[in-house]
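Just dropping this structure here.
Chain IDs A, B and C follow the sequence of writing; residue 1 opens each chain.
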Amino acid sequence: MKKAKNINSNTLLLLITVVLFIALYAGGCIVYSAKGFTHLQTFLNILITNSGLICVACGLTVVMLTAGIDISVGSLVAMDCMMLAVGMRNGIGAIPMCLLVLITGVVFGLVQGSLIGYLNIQPFIVTMAGMFFGRGMTAVICTEQVSITQEINATFYKWANAKITLPFGGYTNNKGKYMAPFVRVEVLIALLVLIIIFLMLRYTRFGRALYAIGGSEQSAAMMGLNVKATKMKAYMLSSVLTSIGGICYCLNTMAGSVQQATGLEMDAISSAVIGGTLLTGGVGNVLGSFIGVLINGTISSIVKTNGKLASSWPNILTAALLFVFIVIQSLFAAMRARKNR
Amino acid sequence: MSTDSSSLWNKIKSWPLLLPVVALILVMALNILHDVAVGANPLSFFTITLNQTTSGGTILYGRIIDILNRGSEVAILALGMTLVVSSSAGTDISVGSVMSLSASFCCMLLAGFGVTSTNELRVPLIVGVLAAFAMGTLCGCFNGTLVAYFGIQPMVATLILFSAARAIGLLVCNNMIVYIRNATFGAFGAFTGPLPTPIIIAAICIAIVAVVLRKTSLGMYIQSVGINSKASRIAGLNSKRIIFLTYVICGFFAGVAGLVNSSRITSADSNNIGLYYEMDAILAVALGGNSLGGGKFNLAGSIIGAYTIQAITTTLYALGVSTDQAPVYKAIIVVIIVAIQAPPVRAFFRKRANAKAFGKEAAKA
Amino acid sequence: MEDNVVLTARGISMTFPGVKALENVDFTLRKGEIHALMGENGAGKSTLIKCLTGINDFEAGEIHIEGVDEPVKNHSTRDAQNVGISTVYQEVNLCPNLSVAENLFIGREPLTKLKTVDRKSYNVKSQKIMDDLGISVDVTQNLENYSLAIQQMVAIARAVDMECKVLILDEPTSSLDDEEVEKLFKLMRMLKEKGVGIIFVTHFLEQVYAVCDRITVLRNGALVGEYPIADLPRVKLVAAMMGKDLDDLAAIKGETKDLSHEPLEISAKGLAHIGTVKPFDLEIHKGEVIGIGGLLGSGRSELARSIYGADRANTGSLKVKDKDVQIHQPIDAMNLGMGMLPDDRKAEGIIEDLTVRENIILALQAKTGMFKKLSRQKQNEIADRYIDLLSIKTPSPDTLVKQLSGGNQQKVILARWLATSPDFLILDEPTRGIDIGTKTEIQKLIVELAGQGKSIMFISSEIMEMVRTCNRMVIMRDREKVGEIGGDITEQKIMHAIAGGEGE
């Protein structure tokens, strides 16, 4: 009689997200089939443009699971892109530069994580400082827009332009040429990150500790988990994943500029929330965040395909979705509170 | 004898404005040092002169005036932000976007939808001004409802308008920058007599809040709810309504700040009005010695904090740091300020101070 | 150490600034026994437990544990767990968002060869642990999907699986219903069979007699005694906890006025708040002091809270001065002339960071409204008047209230309510943790206020206080109003009523 109800409200939230995504995409396909929305490539393009965001959202999900937040990610991406662009312009190789970016991510995360984990400062404030720092540092490195061309670094250029064609799902265009669908390197990186983080959250002690801390920090400490160290590592991981995201982002834009990736942190947060991650911690999953990113991407893609809608519509629609999800989440929370009384 | 000096020292230590004032003094000192180093008049930071404008008017000119002028918007925002932080232990990150939306809405009404540039106002100025205020207040109601009645974390609740308000503003302006080349509209960002109008508007806003806090018991209600909302409820306060109210006030001031900012550039540039202002406003509150954990607040501190931020920015520019690079220094300052306020760090220093005091006692004995 | 003894504590002493929390307390726990630790508020139960579990550093005394040669001194819950002491608290200290199995194994999960968590293995192990304990759950389900009782049992299972010799259950039954309590008891008896020593802290007398073998009673930080359950009937237990030997009780009684002809101030019919207090009827007359008797957790505070709207009543009706009223929140009650001094001073009473003056005028200001701010002069006048009247010891009205002593803080809150000149004032443990002199002052004040025609509801753990001041008593037991005592109130009558069951 006390046996649990099998419909878990969290799974339900994720399910809503998935259904929503499918509905949205199907809607796009029906309305804009004439404009090629039904082609597999449209979907793959969403993946390509959002590969950086996928990595960043994975990192944010990790932090949000501990009931924290990291708003420095957008600036860090900008800084990474600028580092890559300027470094390569100065003749440093692509691989050393990528390593340097990753190391920067580690150090950046270490500082933020220590301040949050060990000094107990609110994550929002610390990462806000990180956000200022990253954006300002980008300008310190270089204030102009720096493009990465073939002449500057052939290797990086090759990576960015490599097409990985898929053996299925192509179509023949109106000139009678077969268009094979393709993805780019950054998509593979992003998907790899997604899978690794998914497995890490599910199958490692660290991953489970993140959930435990988000569920109840006090309980986690009482059960003998090292809360401070785990929190610090979460922020380090977030910054490292953001750096990987930065590389993906750069492969996409092939440039560094001060104004790049502004507001990316909010895109990532809203993706995670739409994907069913609770900001109160302990609930969520990178797969949900991934679908959140796809929903964001689909909205942009539909608006772009339409061509007549103003460019601000994606923002408004995402915010509206966010609103709906937050209200649903708060209703679930209220229901659970009532049940437990 | 020594007790006198130590009690004075204790008084200074417990003075709530210590942190913001010290920060402000440090910034000024930095300016003086810089001026000395480059061989300029060491007091040039404080010099205020009367300059003739091309149109024949006389205006006040000087770095302090500039700081007061440019710091107006953040000071206005900091008023609302202080109350929000105090009552709900959270921050309203939507104020920058709401500024943009209010400005866009106001300019759209004044110029007419779809008009990008106009010299003439389509509706009386007052309608536009009130519309800006109303739009800000409306956004505040939205945030307040989510935070107070739905129990959503302030940051998440305000994230919605953070991304939507600016976008709606763009939509309202038909995706363009609306220029209103009309002196009456530009008046809010220009000069009144010799003084820049934004300074006067900020002063009026500060005065209104100060009077409201003095003449009503709102201030005590807000702090009471922020310190202990359960006990406040038992004592008869409606905690939810008070939290809601602080968000409404915060939204209203975002509307005011939006109007000032847009009048300054005589246009509605949705993409750039109020960009990052929420960060500055939050920083001003923290710099003012207010705990971001809510509870007691100190309005004067937040206001000084707001102008200190502007002073830092102005100083950095004077030192030749570019606009884009300034955030690096801001970030470092934020980290230092919050780190010295962090409980573990405080506990560490208290322990050391106690050990020292104990050592002294021991030495005496 | 005796053969079957698993834990002994000898001469444990512990002081908090200004308070002697424990003085020379002995405690002995044997293998396979359920040992109740009893005492009213401030008796030192939780302090003793915290000494055992390493949260408090006790100052004097020794703790011995079976199998450890040296005296044990724990510095953290982890230390305590390592020597075999586990604790399960009232609020479940587990993670609701993880599965039952994970809650059992988090931090010590079995690993596979790849150093990843071996989900399959710990799911199987967990299922076996729970099955062995006779708890039917699906261990892969999230903990939050189960009732509090099950969560409580999972916490116990985790403790037991960590090889504990001593299991401390700190009020585990406070939020469980009868059926759930029965399940918990079954589990406790099973563990007892396995030789685990269980320390059981509860406020429910029935439960003590249902499962325990032995009782240790503490009062005011000192040991009253250790008794086999058969030697200590309910009435004697209550007497031991309250500090009165029943046989020696002399009836101290002033004359009781009959106030039943006075107009009704409060009249509740079937009022209840689900989960905290069962439906009750209650009438309170003008000028009456009504006492609510009962042990902590008996629903005595909750009864008051449901009248005042601190916990909005779910059912029943309430009349104030013969008019039907709806109270949604405290301000509604205040506007009807009520006031309530809550029992938890820190959580619901004082506003720490506000000044004494602000704390005093807060309720009055809330009542008069935001836009009618009391002038500074008026504020000072009120503050000074009550600081004077209640002789509140404060350097100035502008001192922060958190800098005052507990007794003076309590007086500040009392002043807050007196300033609103209420017709009906609820005082929930107004005398807790304050010195004798102040206690007497407050009692006098209660009688005085009643003389002015105010109705007072007085709740206290000290029966004598209520005997001295009340016209009538309501007796609460197990969240239910079980009776009223009018006319000639004696301590004996009250104790019998509180103890209930046998001994009538």
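FYI, contacts are C-beta pairs under 8 Å (C-beta built on N, C-alpha and C of every residue); 3 or more make two chains touch, one makes a residue touch a chain.
Quantities reported herein were computed from a predicted structural model and do not represent experimental measurements.
Chemist: Count the C-beta pairs in contact for A-B and for B-C, then report the pair with the higher count.
Modeler: Counting C-beta pairs in contact, A-B comes out ahead.
Chemist: Name the chain whose C-alpha centroid is most distant from the C-alpha centroid of subunit A.
Modeler: It is C.
Chemist: Counting only Cα atoms for the centres, state how far subunit A is from subunit C in Å.
Modeler: About 48 Å, centre to centre.
Chemist: Round to the nearest whole Å and give the separation of the Cα centres of subunit A and subunit B.
Modeler: Inter-chain centre distance comes to 31 Å.
Chemist: Nearest whole angstrom, what separates the Cα centre of subunit B from the Cα centre of subunit C?
Modeler: 45
Chemist: Please list all residues of subunit A that touch 2 or more other chains.
Modeler: Touching at least two other chains: none.
Chemist: Within their complex, state which residues of subunit C touch subunit B.
Modeler: Interface residues on the subunit C side: 310, 329-331, 334, 340, 342, 347-354, 358, 362-363, 365-367, 370-371, 373-374, 416.
Chemist: Given the complex with subunit A, which residues does subunit B contribute to the contact?
Modeler: Those residues of subunit B that touch subunit A are 91, 146, 150-153, 155-157, 159-164, 166-168, 170-171, 174-175, 279, 282-283, 286, 292-293, 322, 324-332, 334-335, 338-339, 342-345.
Chemist: Within the complex, which stretch of subunit C touches subunit A?
Modeler: On the subunit C side, the touching residues are 77-78, 81, 92-98, 102, 106-109, 111, 115-117, 119, 136-138, 141-142, 144-150, 158, 274-275.
Chemist: Please give the residue numbers of subunit A that touch subunit C in the complex, ascending.
Modeler: 2-5, 8, 10, 199, 203-205, 207-209, 211-212, 214-216, 218-220, 222-225, 282-283, 336, 340-341
Chemist: Per the contact definition, I'd like the list of subunit A residues that touch subunit B in the complex.
Modeler: Residues in contact with subunit B: 69, 115, 118-122, 124-126, 128-133, 135-140, 143, 258, 263, 266, 269-270, 273, 279-280, 310-316, 318-320, 322-323, 326-327, 330, 333-334.
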